[in-house]
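So, here come the structures, one by one.
You will see two complexes here that share chain A, one where it goes with chain B and one where it goes with chain C.
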Partner chain A sequence: MHKFFDKNISLFSSICAIISGLIVGLIIMLFTNPSEAFSAFFTILTGGFQEGFVSISRMLYDAAPLILTGLSVGFSFKTGLFNIGAPGQLIMGAIVAIIAGVHFTFLGAFQWLIALILAGIAGALWAIIPGVLKAYRHVNEVVSTIMMNYIGLYLAVYLVKLVVYNREKNESLYVHANAVIPSIKLGNLTISWGFLIALLIIVIFHIILTRTVFGYELKTVGFNHHAAQYAGMNAKRNIILSLVISGALAGLAGGVIYLNNIGRALEVVDVLPNEGYLGIPVALIGLNNPIGIFFAGLFMSYITLGGFYMQIYNFVPEIIDVIISSIIYFSALVMLFKALLEKLGKRRNVHG
Partner chain B sequence: MDNLYFLLQQMLYFAIPLLIVALGGMFSERSGIVNIALEGIMLFGAFFGLLMVKYIQDMQGREVIENIAKQQLVLLVGLLVASLAGGLFALLHAYASINMKANQVISGTALNLFAPALSIFIARSIPFTNYTQQVNFRGKAFLIKKVPILGDIPFIGKILFQQAFITTFIGFLILVLSYIIIYKTRFGLRLRACGEHPQGAASAGVSVMKMRYLGVLISGILAGCGGYVFIVTTSTQYNATVSGYGFLALAVLIFGEWKPLRIFLASLFFGLMKTIASAYSGIPFLASLRLPSEFYRMIPFIATLIVLSLSSSKGEGPRALGEIYDAGKR
Partner chain C sequence: MEYVVEMLNITKAFPGIVANDDVTFRLRKGEIHALLGENGAGKSTLMSILFGLYQPDKGEIRIKGKPVKIKNPNDANDYGIGMVHQHFKLIHNFTVAENIILGKEDTQWGFITKQKAIEKIVELSEFYKLKVDPHAYIKDISVGMQQRVEILKMLYRDAEILIFDEPTAVLTPQEIQDLMTIMRNLVKEGKSIILITHKLKEIKQVADRVTVLRKGKCIGTVDVDKTTEVELAEMMVGRKVLFRIDKQINEGTENILTVKNLSLVSKEHDRLLLNNINFHVRKGEIVGIAGIEGNGQSELVYCLTGLNHDYEGKIHFKDFDITNRSIRERTALGIGHIPEDRHKFGLVLDYNLAENLILQTYYQKNFQNRGFFQFTFIRNFAEKLIQTFDIRASRGIDTIVRSMSGGNQQKAIIAREVSRSPELLIAVQPTRGLDVGAIEYIHKELIKHRDQGNAVLLVSLELDEIMNLADRILVMYEGEIVACLKTDETDENELGLYMAGAKRGDISNA
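Take a look at the complex of A and B:
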């Protein structure tokens, strides 16, 4: 009973965070352009369905990397680690995927798959360093993954300039046609293999955490590191593995984003790709649960689509980023919503 | 020799904002609150500070723009606005992590994402910035060609008092004040106690909450100020980014082991790396090494990782950093 209550509290506060974030967005919109604020807000809420199957296909396409980075952050959360290094692992995955996607043409039809796998491996390797530092030198993984993010950013920029440079646009070259992640058609719906792979990983993630000894150990280490060690589990190994898997997922996300034919390439700038940071809210809203993360990723992609229509109402699309970052902030305020729920619960008891 | 002066001057341009922001981070982290929101706060402060500068400069005639003394005043007004904006913004982090006992990394991340989003949204919504995300200002107007008398001192005069910004001296002033506040005042002692052993501090009658609020507030003020200084001295345009400088400042803070003087040295070192990264091709010795500029930009982060892995098992840094304060815990 108690567990059931706890579970619902987190679900409730997650929903509260989303609603509060949306309200902040609405208030800001009311300030900037009151006459069109409500219709624009309505468009945000219905954004993912504006153009029927085209929109839904697009939503699924954009959701794939968000789900993957969400799983990345969520997986490390489960083991008590905060992998804030998803952006760095993502960009390492991205650059390796792009290099393979541009140069490894000898792979023929398998080029995209190999490039994607290499992206996952690159992300995993990038996460080994903070993992080892955490396990053997007690270095806080938040700090070390932030450092790794920027080392990764500059390394990726360097590699772009070295081997896959599009000088005119100051970004990476487009990948070969064989390296573009293919998609399947279901009637009017287009589903990218990136999305299907994300689905597959959700299933694997779920099985690992609920059905294997390894998953049980990971969770135990997350709950109580000392107890886990006392019970004979190898905490060090589990910390490293958890970060490596988390890094692999973020690396995959990098591959999924950049193995495209929609003109998105890795730009030579000092900015880390946003999808890496968005893994944090996706994991938070999804309550670190694979299925929750799936829906949270869809939701993020859905309201981002709504942002594209904002110009019709003379609003700037960045309102969506304001909303998303507000949602993150509110999802940190679990206590506030918990207190709210308890208050509501008490009132119900009095009356009933 | 001219190369050397140029290098040292550039180094100061990059090091001073790092110093200010990292000192800000020190106040927060010494009180026990992790502040990875430095990047977002810098950006937030810089945005509002520069809006103010643009507003004033747009009204001024040509002779006022060319009057260096009057422009220093403009610079200071902008600085004040930036610091204020930074301080207010940081209060969001304080509320979440102190009152709501929230995860400080999540709250910090939220601020980091919120600041650029809001700044772009505002800048693109108002005619004042021509509906673009950039804020242009006359940065050259602030440059002091040469301070009379002081500029003639050999060596030091050329580095500190020629081609200088007034912000450099403000940076040094903040360093001295921070040192005194942290080590020589009752407030500093209490602040540090809250970061080391909050329950102990509380039992001695210190309000942990108040101290931590002040710590985060000061960090916000300094981060906002530092973000503004960074853009004003190294650019003529604000473009909704501080290029990871907030995270670099975090590295400075850790590399400097949360101590003011070491933070100063660390910011000089990191500033030098940044300078070399952007100017190495003009320096014969470095150009002959043929290392890419990205390499120099990585060094601060790699160095910080190395320092962390060497020192962290000894338990450097505030002991209660990031721990949620629970008055009942002993």
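Take a look at the complex of A and C:
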């Protein structure tokens, strides 16, 4: 058990963050409506299985873009860069996917795949600008990516109105049937290709980081950019590539969200899609590890679904936002938990 | 015999290590008592306990015979204990007087009154022969002067017991002599001094008694005039130590590195960091670059290795003009680099040993195939280096480098650089912070590398190291090379004059 604990200290610290977040949520629920708090809380915890395979399918569907944005943030973290630009890259991917999904009907059965690829390219292009600014002019990527988020948001809104506007609903047009990402059915379980693509990217991500020269360079720059320079690595190229790949993943998430037939379109509002920002806590809880990010994305999707079902009790669904924000808050403290656990572990080793 | 400080049977443990194990240390009134030990022997811990920074787990402290509890540095000050830290704690844009009174200012109506303080400072500095200008700004005075300010700071607070923590590390040989005189003056006037050091020569020169610590344990206290440097070294390390490495002076053969008119301007201050540097290094010789810290040695290395490209002038290596070549190209041409700061440049602390050992070669054939690492080859390669260079690591090549000792970390860097057989090895402070055993090992490696017909450029702040290893010595002062000397035709005093800028030599053969 001790050995297991030592090896999985990261995992335990993430779980600590999640449990702490849930406890905060429960406390708030107890304050607002004590009589139903526990049953509602139970619903949140079991949300992902509430309606059996229907719920599970839904959870996997919603998890795909979260995993992708989580990977986006996590990938740039590995190079020591904090890409807060995932929402902007995501919305650029989204608008390009929607345009291709509405207008490029000549592509036939491949329309969804091409639209998705274009979404990835759009996100990548959107991340090049902060990448170049960082590499050549030392502009802090946090600042530049945040600014790119808002430029992206208004550009996307403008493009919606220009080429794919649904005047009645004040949002983008629905994409063509060929542009909807297909699903496969395994008995009662429906799995979208979006989820499968996310899985594929996790595998690629893992291979790049553990087996390739490229991944070694990226990690070296992230761990110690002085040592990377000393070893003659091309820091500029690595910074740009890291942000471009990160942007491509976020753009892909945009495509995965909006190439749908469940009625979700890009609204003409001044708000960036939530999935973009959620990439940050997903990456944090997942400790920037591809497999960790996979489970963190699944968990986020699961608990959001729980919040949806919780509405049958006398609770506003915003409670779930509070819980998620608390988890986000605590996930930022993951590093602290980790340090504390390591200290505990050490102390035990000394005395034991 | 009257003792001013008695630390009796002090034990202090930190998680994983017992820093002080039943250590007893007694300081007599009016003596200079040296505290000798390698890095990690427990000297700093013991003094931190005396200064109130740590509480001992066991043991008793007596000041002038009375048992006391020192809970923080303020308590220590009240008992008349003052400390000159290795890294000075001075505010650079304050004057000397302002720094001395800092924390003990006299005020009138809330305004600081300096006149009386300045009078006291002048009086003190005359009495103890510590000449300083109380109105000078710290940033304008030399390191030796800054140290005097630190000493005056303690005297101003009426300290009776003065702790000097490695005081000579930053000084020139002449400044060291001055400091010795100052210390003798201080004890003559009744102060008592604890001198923390690992330099045996200084102990022989100035101390009355010496207490030796090794691995947290007190090995013994001896009278300095009844012992020898060799005996002290044995007490410190626990075995016999070679002081001088037997080696021949080598002339070298053909030129391998030629530096022409190299200059570098600081971007921030518009000041010349390197001023028209010309020298060459030949195959089969070790060229030492001596100088006090901050006289352009680091910058010169940055230019030679390509870490800094903003210089003017020309650098030739073998038959190539490498002036505009990248770091990677220079490395591939055969330049090895043991960097000054091993944690900043030399290692990725979160990588394991194998990943660090391939840091310079990971992109080469054999190590990778179409961008994918060849793990079998890499593991064999790393295993071989560990064995050849005797790198000790708890989990072999999978050990995270952060958890390794400084000596073994440095050995890893040396293994990586030397195993590539670079025709020119630039070694900067290769033994900084290492214990005597590791130093001996690294010196032997450098000489072996030379004897295989390669060139070594050794940059070091330790004169002993330069004198021991170099065939030819260049001295740097304020960004210039001011002397070029043959090791067997010079001595430390002459070098010291050049290092302090008091003398300039013939550099036409540099």
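Assume the second predicted complex is superposed on the first by the 326 of 352 C-alpha atoms of A that agree within 3 Å, B and C clash if a C-alpha of one lies under 4 Å from a C-alpha of the other, contacts with A are read in each partner's own complex, and residues count from 1 in each chain.
Criterion: a contact is a pair of C-beta atoms (placed from the backbone, for glycine too) under 8 Å apart; a residue touches a chain by one contact, two chains touch by 3 or more.
It should be emphasised that the depicted structure is a prediction, and the values quoted were computed from it without experimental measurement.
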| item | value |
| --- | --- |
| Room on chain A for both chain B and chain C (clash or fit) | fit |
| Touching partner for A:220 - first (chain B), second (chain C), both, neither | second |
| Chain B versus chain C as contact partner of A:230, first or second or both or neither | second |
| Contacts of A:325 with chain B and chain C, given as first, second, both or neither | first |
| Contacts of A:26 with chain B and chain C, given as first, second, both or neither | neither |
| First (chain B), second (chain C), both or neither touched by A:150 | first |
| Computed vertex angle (chain A) for partners chain B and chain C, CA, steps of 10° | 80 |
| Chain A: partner with more touched residues, chain B or chain C | B |
| Partner chain(s) touched by A:212 [first = chain B, second = chain C, both, neither] | second |
| Nearest Cα pair across chain B and chain C, whole Å | 8 |
| Chain B and chain C footprints on chain A, overlapping residues | none |
| Chain A partner contacts - residues on chain B that touch it in the complex | 34, 36, 92, 96, 100-103, 105-107, 109-114, 116-118, 120-121, 124-125, 241, 243-244, 247-248, 250-251, 254, 292, 294-295, 297-298, 301-302, 304-305, 308-310, 312-313, 322 |
| Residues of chain A that touch chain B when the two form their complex | 28, 32-33, 82, 84, 129, 133, 137-140, 142-144, 146-151, 153-155, 157-158, 161, 270-272, 277, 280, 284, 315-316, 318-319, 321-322, 324-326, 328-329, 331-336 |
| Chain C-facing residues of chain A, complex | 211-214, 216, 219-220, 223-224, 226-227, 229-233, 346-347, 349-350 |
| Chain C residues touching chain A - in the complex, by the definition given at the top | 15-16, 305-307, 326-331, 337, 339, 344-351, 355, 359-360, 362-363, 368, 371-373 |
